[in-house]
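Taking it in order: structure first as structure tokens, then the write-up.
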Amino acid sequence: MSADFVFEVDNLEKNFGGLAVTRNVTLAMRPGDRVALIGPNGAGKTTFVNLVTGHLKPDSGKVRLGGNDVTHFKPTQRVHHGLVRSFQVTRLFLDMTPEEHIALAILQRSGKSGRMAGNYISHPGMLFEVDELLSTLGLTAMRHMKVREIAYGQQRLLEIALAMALRPKVLLLDEPAAGVPQSDTGRIEEALSKLPGDLAVLMIEHDMDLVFRFAKRVIVLAAGEIIFDGSPTDVTRDPRVREAYLGSYGHDRNVA
Amino acid sequence: MQTVFSIAIDALAYGMVLFVISIGLSVTMGLMRVVNLAHGAFAMIGGYIASYAVRDLGLAYGFAVLLAVFATIIIAIPVERLLYRRIYGAPELTQVLMTIGITFCVIGIANYVFGPTLKTIPLPEHLRGPIDLGFRSIAAHKLFAIGCGAAVALGLWYLIERTSFGVKLRASVDNASMAAALGVRTQVVYAASFAIAVGLAAFGGVVGAELLPIEPYYALRYMVTFLVVVSVGGAGSIPGALLACLLLGGIDTTGRYLMPEYGEFFFYLAVIVIVSFFPRGLLGKAN
Amino acid sequence: MTAVNEIPLATSAPTGHGHLKRDLIGLAIISLFAVLGYLVFPNNLALLTRIIAILLLVLSLDLVTGYCGVATLGHAALFGSGAYAAGIAAVHFGITEPITMVVIGAAAGAVAGLLSGAIILRGHGLSQLVLSIAIIHLFHEAANKASTYTGGSDGLSGIAPDAVFGLFQFDLWGRTAYIFGIVLLLVVFMLLRQLVQSPFGMLCRGIKEDPVRISAMGASVRGTLLKMYTISGAVAGVGGALTAISTQVVGLDSLSFTMSAEALVMLVLGGTGSLYGAFIGTFVFMFFEDFVSAANPFHWLTLVGALLIAVVLCAPRGIYGTVVERLPSLWRRRS
Amino acid sequence: MKKIIISMVAAITMCSAATADTIKIGVVGPFSGPFALQGKNFKAGIDAYIATHGAGKIGDNDIEIVYRDVPQADPAQSKALAQELVVKEGVQYLAGFYFTPDAMAVTPLLEQANVPLVVMNAATSAIITKSPLIIRTSFTTWQTSAPMAKVAKERGISKVITVVSDYGPGVDAENAFKTTFGAEGGTVVESIRMPLATNDFSPIMQRVKDSGAEAVFAFLPSGPTTLGFVKAYNENGLKQAGVQFLAPGDLTQESDLPALGDPAVGILTTFHYAVSHDSAENKAFVQAASKAIGNPAELSFPSVGAYDGMHVIYKMIEATGGTQDAQKAVDAVKGLAWESPRGPVQIDAQTRHITQNIYLREVAKHEDGTFYNKEIKTFEKQGDPGLAAVK
């Protein structure tokens, strides 16, 4: 509502059959925010992401980007309005090179991906921007290799680079470090720290160490509801959060 | 009213014949994930063997059917080992290329061995001629085909849902490496289900020969029909295939009665509508 | 990680210039073969022209199947629409200028592509195949029904194209038709090379590999594929128009499932996803068919079947695809 | 430009013909594929003629047949092959052609190539009008269908339903019957056109039953669908109900009869040729053709079209002495009459189509259990009434 919020979610509701999977979720982010969204398994994080990106239709509630109501927009239109996501499992084009990936994203951003003539290399400023992004993420050495030939950690970096090439205003990072060997997580974190300062980032993550180092604010989702929204230092002390996590672990243990 | 009943009976009979011939393809496509365009070729082989057995060897119809089924399976075993095993899990286009190649070969060989003329499978006395249903008469062999369809549907359902072989088959399909780790010999399971599919094709070829006569181009002529029927039903789903056959049989028969000159339009428009709304087929499972 | 450093940067960066060079080489090779064909088979030009027309169909199929991953057994619908449009324009509307006929064919093919694309793209995998089969049968029936315009099963005859530029009459040896076809092919090939290397071509390859990622980048998957289908239709339509012009007759077979299936077989035979694969597949299949059917017309089907099986067993990625795969060093140097 | 090319062609081909002592005849037909049987019959008819007429020699000239395969109706392929036959093989005569579109595709070539075309099967009336260099030795669907309307009338049938496959020849048959039957004062109560790819004919038979017609006039392409149609006619009780089955003879071609079997007995057809035709010429022909085809059960009507086609070509070669002059060759056989295995025939000087007897036949069973078309009535010297319908 306030003009300086770049991303707002108002009273979002979603039911599958009779089951409420998203209940009255409200949150807002400003440019430069670093927010982590956490929650136990089955808390409804995936559903929430799908509602925000537009792959699911909410039963009620609103999603706004930069003050515009995008609730009824298609996923691709939301991307045009500055909402970009990354994937938990890399989704890349195995037979294309990192350079081509970035170039495609840049072309898409600038509305030139439908051009049927010429080559991306000949576009003015293109190679410069590609160089910059690849070197920021340390991918320069493998720019001409096929993605299927490079290591998974580097694929994760490329995933981030791809998102950045789209110059989003709001970035949804879905477990950016998932599946990456411990030795490589440092490089992911480094990449995250280099994200533009005015970008609002919402990161969904399980790795609490990463959450604490990255986020200035933590939101906890449990059973489809936001049960906590505050600073990382407070989150472990919150009784509802403790109950949501430990309660479920306790329950699991009983079953086992 | 009488006409409606009459059309309904025709539709049922046609649908069931389609079912008996196509269900084997549903097994290969749904459970083994092979787009087997050579299905009709195996049905045709069955038909030729039965025809030869009845006309030239003078065997009784029942024996000829059994002989056709088993001989076709025996012919198919080396084909499975040498050719099909190479395309399990391959891209659809590769499977299409291979199975079209097999079809071409079978057609060429059939043409060479049996000649280009039509081959009939003489029916036993009690299946010949019409049976009076009161309001109309119907060919006895059509009733026989309806019965065969019902028996095949029940038998397959029992095999897949109720026997340990069915459990192993479904496990192998869902996750081959996991099933293998649990001690299921997946190669054997695949070979066995391929044999069942081929046997069903041969059986269907023989039972359906009154409607779809046996000649060398049988394998190509009806290929599309089989593929369409199975896809509309949902590959791998027996009730789905049954439903699709009855539905498409009904649409086809009614269309040909009401507006025969637009018969093809009805059939294929129905296919487009159904597949658009049910991309996995009527009762197909999500992968 | 270490492996990464071992692969040297010797793989020179592809530049716009390098692409152009490769295209010119491709163009030169095709022209060379065209001249060779003319000199070596001066009495088979009609057949060679027919191969060019089919090649245009296979190239068009490669655009949607090879570059976008859409499986279809109904691509002759686009080809036949082009052929009939050019033929009907000539017979019923007196438009007999060959280049105009090609343009009409391309336009009709594009419309047919848009139409069938809109339906086929509703499905995935197997359901795509089935939808495409249904479409080709509907097109075929429609042409059969509209016999006033299409001649129905008797075929549309009486197409009498003018001389090209008013100078080059279509002659008995098929020389004009052959050169006309070669020029069309070269133009189409050049345009398609541009297309597949353009940003749009890259987008299509992306869709083939992962449509979800493409839509997450904000591009419309359906819209892009529809565009490609329309372009593909125009290419197939040019092929159809070439048939109508060079043979002066159009039959229902040009809208048949058989022709669609043969085109797919030729493409997979050569190798999907590269224009050269389409070339090789078409030539190998057509020559094999012509050679074997002339040697023994009574039993050639068996041999064609055996060829297909052999290709699947020995060259699973198609002839061109497998050669490229087996000669990685050569390929690296060239790309 | 065009004239120059024509004269060039003429010059080249003429001097090649003058020196060559081998005369080539290009035959296009379905030698593989679903219609391979008909192509086989072409070859059998041609071989039979050559074997019984000088073993491949006319005077000093050797005769060579060059076969080209068009498995299914495919006019573009047909034209490309015909072109190849003319320019590469240097054939002086084109012959064969099972399907109408394939023949139509070739007609624009003839004048330029200076080559006559002898149609050995394709049965649409209009073909012959497309070029003055075409001669047809087979039949047209109009020619064989129209007499059936007279038969129906004679037998006291006044209400008929027509059922045809929905493609060119089917529509021809329907029009031929309707026109003639109407002129005879009968009524066609309903006309059904069904798709070529029809497997189950029960709904069609239901329509026939509902129409209240006394007879059904049917046309389907010879082959697998015929079998289903005849079976459906029996099984749906139309035979018992006394609905007479009428058709042109394509439906009961001899090679399909063993498969059709008992259900076909009693079907009335009109056609130009039955393998069982009783004459010395036919006995000699059947003997030679059976030997050529291998399996006598595969012998069918296209063989006689091919046999007589060869007769015409031989006469043309004799008339031109082996030089290539298409117009002279065609002129030489206009009005040619001879005794064919099918009976007395003549090439009509006006239309260049064959005038012949059309026979009414009934499917009957021999004592040894085989089936044949028994000729029971003759309509003498029938031309092609279909040409009147061609504008």
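A, B, C and D label the chains in the order they appear, each numbered from 1.
Simple rule for what comes next: a residue touches a chain if its C-beta (ideal position, glycine included) is under 8 Å from a C-beta of that chain, and two chains touch if they have at least 3 such contacts.
None of these values were measured; they are calculated from a predicted model.
Suppose you hop from subunit A to any chain it touches, then on again the same way; how many hops at least until you reach subunit D?
2
Chain with the smallest distance from its CA centroid to the overall CA centroid?
C
Using mean C-alpha positions as chain centres, tell me how far subunit A is from subunit B in Å, no decimals.
Inter-chain centre distance comes to 49 Å.
Determine the centre-to-centre distance between subunit C and subunit D, using the mean Cα coordinates as centres, and give it in whole Å.
About 37 Å, centre to centre.
At what distance in angstrom does the C-alpha mean of subunit C lie from that of subunit B?
33
Hunt down the residues of subunit D that sit against at least two other chains at once, touch-wise.
Answer for subunit D, listing residues that touch two or more other chains: 33, 36, 40, 166, 195.
Quick one: which residues in subunit C touch 2 or more of the other chains?
In subunit C, residues 141, 145, 299-301 touch at least two other chains, as defined above.
Check each residue of subunit B and list the ones that touch at least two other chains.
Touching at least two other chains: 111, 261, 264.
If I apply the definition of touch given earlier, which pairs of chains qualify?
After working through each pair, the chains in contact turn out to be A-C, B-C, B-D, C-D.
Spell out the part of subunit B that touches subunit C in their complex, as residue ranges.
29, 35, 83, 86-87, 90, 92-94, 96-98, 100-109, 111-112, 224, 227-228, 231-232, 235, 261, 264-265, 268-269, 271-272, 275-276, 279-281
Could you pull out which subunit B residues touch subunit D in their complex?
Against subunit D, the touching part of subunit B is residues 3, 6-7, 10, 13-14, 17, 111, 115-120, 129-130, 136-139, 142, 210-213, 215-218, 220-222, 225, 252-254, 256-257, 260-261, 263-264.
Show which residues of subunit D lie in contact with subunit B when the two form their complex.
Contact set of subunit D toward subunit B: 33-34, 36-37, 40, 166, 192-195, 197-200, 202-204, 206-207, 210, 223-224, 227-228, 231, 234-237, 255-256, 258-259, 261, 295, 297-298.
Sort out for me which residues of subunit A touch subunit C in the complex.
Touch residues, subunit A against subunit C: 53, 75-76, 79-80, 84-85, 87, 91-96, 99-100, 103-105, 107-109, 112-122, 141-142, 144-145, 149-151, 153-154, 162, 166.
For the complex, give me every residue of subunit C touching subunit A.
Within the complex, subunit C touches subunit A at residues 1, 4-5, 7, 9, 11, 13-16, 19, 194-195, 197-203, 205-206, 209-210, 212-213, 215-220, 224, 227, 231.
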